[in-house]
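Per-chain numbering from 1; labels A, B, C, D, E and F assigned in written order.
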């Protein structure tokens, strides 16, 4: 069950409304990396989760994101309110102005409706947590960019609060992932094919007109990758079914 | 520039076509975690990337995913081909049967069109790489599930190949991320608010009807989190603008 | 701010899982008339609302719908869980099975992602409340249909609870609308054109092959409508700018 | 069968084209509350309708909305035509300019494609009519806002015509609903749970930073609602399965 | 202005309803190549068209497609009606059954909502007519496939009627295109770059595992194409800015 | 298998970045008629194609379009790069600025995500080739319009290259269609109903307010069409099941 307390988690105060900035803020209200996406991703993962401790973390953070949704929505609405009556302001976001009467809705900065296609919910803890870490990283950089596009101090303060919490959640998801006790490349139960898993295919070669060249990264070899150069032209160098003669024999036999 | 070599990267052979399984395979052809999503995510990130070494890795892997798209598409088409002529088979995927004449298209297992909303492209290397690690983890688990739903050995072999490569790419992206030399919580340039960043909000409390209770994870405290219990009811315990009197004073003054 | 209490608002218990019915339940989880749509429609309207009393009603009901989202999601997941391991069950919802590992996500019964295009948020109280009354009526009939498609008593009980609450909310929105004190046809501030507003255009004529004929409803005339028959062929009978000579003169002059 | 008469239902004349206003007009051409949405919602409901009288009303109004679609499309095209040749005008709607050569298409003011997700078609007359009343109310307020954003008299006149007809249709749908002879809360056939249906859950409490407080509306109690305060924390006060001991016994027994 | 005559253009009669076939029929009601797509593509093109003769053809055919929409919708509804009450039938199309009460809506056979993204409206007659020819060809083949999946004679007859009309329209659009008097490769006003326009890039080489090899089509050379083999590896053979020294000089100078 | 060569097919150089023009260029990157749509339409058709020669043509051109995708993406990014740091530039495309950090993604000029609904893939060669001819015509006119909206010579040159290649591909698809050896109205295997196929229904009559009148095109009669005037009002003149008494008898008998 949910309960709502009217007090906003962060008190939003702005100076002069800036409708074009308000429109930009919608990225974090109804956009791909925004607060509804975060709230729904974690809450739905939590609903599906069989591990009570992980479920609790997911519900804690999913619920906090709902509180953030209110903050960013309130902030965006303050900046967009002039679109209700000013023709010039309305041009900053015609959808908000004409269809919404100056009120926000779950659309992004270019009027695309929020969609559950933004969500990553796999039903597998070590996968979901990686999706969540990435989601928090994206949300963090978006808040940083928004802060860079406004001079309004009250707006900056609210965005700084929201940005900070993304790092908090990123840290929590990283710890929850560590706590699962799985190896860094251990996803699910089936092992990858030995040999093949360590081949790096160099599929992009040459040099472009702006100086970017084919650079085999030093770390690749240092970390045990075996390079296969231009496999489209040297297909036999790929160990498709692994290196062991036994496996190759098995494969030939199976067909 | 791209060049196409007609030979498939992995030779796909199947026994009896299984149209309902062919329909499931579309998840990896035109679905959210499928090969087109991977190919486009990495290739577009690569196109935007200013770091030549990272750009090369992204283009290498993005290109390989295009080769995988061919494999999974060929495999799905083999299983779906009977939908062209058999009414019973057609019921397994009416869209493929009626609109596609038994041929595949970029739709998922329930006929939703592939959309760029599946992609995560942020223009920030340490963010994109986390999105890619998560994407590979999702693709890996999906292949594992597909393998579990078929008994056809040729199909299993091809899926095992594709599943293995997801781990390869996951490892490469993890190394590329390490190679950036940024801290594990360092995203972009703006620092989070001290104090606030270490507060964990316990927003979900009590016990559900199935035994799941409010479990403060041991790791949270062990790793330096300070718990705030039910902040909706104890808002004063949140360090919204950080702990320092100086900052609080600044904030009061700014308004 | 939101707070989450782990106890579900209604204790969900089912007998044997029925994956195809679980798939149908997704209509009320991630579908057009479902609980997320209700929660978001009312909560976003509430966020935009300047009238404190109406805002409170919208937030009360919007929050309750979040609690319902948990119930229907839990119920759907119970019925869909076998899709994780059973091939036959997986065919009932391949997207849940393959991408979700048997867990639910915000998709409808045919795998279409939830979209904010389902929402009706106008920023005008007498409009939003009518949208809400209609939304509750739709949700009620959907629950009724779901009840008709299952024999499982625990499932029926939970759906009966959710169905009942739609009527509760419908009643509350009707009272809130009455309480605004506006006339039944009073929307916004601009009056419609007199005369024209009372003309009913009979644009569909004749009789179809199944016996449906052109039936001018008795109520139309009884309630003051003036019929215009086949206006495409008698355009002069439409009072396009109203009946008054003064208005017609004004219009001619304005051009 | 449909027949088209080339004469527009309302003669559209404009002064100077205003491309940014033309873009706004697209809300009523290809937008969520626009004329295509109205035409399709009523016509598809009519196609499904078994009651010949109601079917006729739905087809009459659905057909009129097609005539309105022509009007608003013609009006929008007149304002958008300069986007074909003027770079500055093209910036008002790049999609119309680049993809459409200055011609309109079924997109809204921010370029989102029209989708049938906008439609509400339930197959139940007392539900569909409520959806239609709400749809007309939304369209009315949108036309009112558009009128407020232009000074062009010919444009205002055409919009006034279209706005007026929304009220006409709203009135017709209200009368058709009355004519069904069902109670104001009677939807479908299954009755709601007594007792529970009259409980209002106060799920949003406290006071926000802008003065909005928890206001139990006087009408709620006056109209027979029994308030349950903060049910997340007092779950036992909810009459989940109704008040009668008989029902509770039945429920316990059924499990 | 539109007028609706209740008589269907083709009398639809079916034997036993076949819900799974009814679901397939939705491809031509709310699907990508269906009657609404045709009606809207031609009608919107007509609305934008400045050539009165072509506009008339577009409106004639666009209007006929609305009449076809009624036919296919009526046919689909007859086959889908059992989904309202039969659980087994409901499984054939849960969206129609649960959300629509057995009535059709503008969704395709897998429940994806109709979208204006299906439409091709360019504002250029020689382009639009080619899009229409292709659209009619697609609709024809879809009807042919549907006919192949049913044994019901009444259904077959109705589909044969609709299929025939696609050929009629295809022929009309081909004649309208001829009538424009433009060359077969003349699109718009700007000429392509000479030389380059006649180079065919052989970008796919080798042989696949199933016997498909690199086959330079005889017609290519016979019709004046100059082949460039594997241009990714022989970029200098592409005449990027045309063959004339004058142009190359111009280009070098311009930078 | 795909291989990527880093050199761009066409060297892109621009003068001063023009962010609003960069936004327009996205139509050809992630828009409906853009390079990804072309690449995917042809490549997926090729994957489904059983005719080795046609498959090769489809893969050749599909692969070339991937190379074009790189070019237009690079060009758009050059023009959009200032959106990363300039607030004014960011207003030209807030989605690119805020979510993408100045990098491109697969969205069109108004931020709508690329969708496979843009694709036309029918599994029937004579249909697919017509869809491809139309697609190339659309892409050509879009490039022409883009050229008209910029004065930057380097940009114009790159767009001229891309525009030229559309004509090349259009010509190749036309020749491939001719090469199939089917009649100009021969689609699939089922013949249309004789008589009916040659009737042209005049469904749009009268004259509009701007001078457009009902113009029976001379070519229609000249090419063998028999006109049926206003069939909604003269249904008996339509030869619904063909002209032959034998067929009519058959039809009557079948029911």
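Here is the rule we go by: contacts are C-beta pairs under 8 Å (C-beta built on N, C-alpha and C of every residue); 3 or more make two chains touch, one makes a residue touch a chain.
Predicted model only: the values in this text are computed from it and were never measured.
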Next item on the list: Could you tell me which chains are in contact with subunit C and with subunit F alike?
Entry: A, B, D, E
Next item on the list: Please decide if copies subunit A and subunit F contact each other with the same set of residue positions, more than half shared, or with different positions, and reply same or different.
Entry: different
Next item on the list: Would you identify the chain whose Cα-based centre sits farthest away from the centre of subunit D?
Entry: B
Notebook entry, point to check: If you take the mean of the Cα atoms for each chain, which one ends up farthest from subunit E?
Noted result: A
Check: Whole-Å distance, subunit B centre to subunit C centre, using C-alpha means?
Finding: 33
Margin query: Going by the contact rule already set, what residues in subunit A reach two or more other chains?
Written below: 1-9, 32, 56, 59-60, 62-64, 67, 99, 101, 107, 110-113, 115, 117, 122, 124, 141-142, 203-204, 212-214, 231-233, 235
Check: Does the chain-touch network form a line, ring, star, complete graph or other?
Finding: other
Check: What pairs of chains are touching here?
Finding: A-B, A-C, A-D, A-F, B-C, B-E, B-F, C-D, C-E, D-E, D-F, E-F
Check: For subunit C, which residues are in contact with subunit D within the complex?
Finding: 3, 5, 7, 9-10, 13, 32-33, 52-53, 55-57, 59-64, 67, 115, 117-118, 120, 122, 124, 126-127, 130-131, 133-134, 137-138, 140-142, 144, 147, 153-154, 157, 160-161, 163-168, 170-172, 174-176, 178-179, 184-185, 187-190, 192-193, 196-204, 211-217, 219-220, 223, 225, 231-233, 235, 238, 240-241, 251, 254-255
Check: What does subunit C use to touch subunit A in their complex?
Finding: 1-9, 30, 36, 40, 44-45, 47-48, 56, 59-60, 62-63, 66-67, 70, 73-74, 77, 84, 99-107, 113-117, 119, 121-124
Item checked: Touching residues (chain side subunit F, partner subunit D) in the complex -> 20, 23-24, 27, 31-33, 108-112, 141-142, 145-146, 148-149, 203-209, 212-214, 230-233, 235
Notebook entry, point to check: Can you list the subunit C residues touching subunit B in their complex?
Noted result: 1-8, 11-12, 85, 87, 90-91, 93-95, 97-99, 101, 107, 110-113
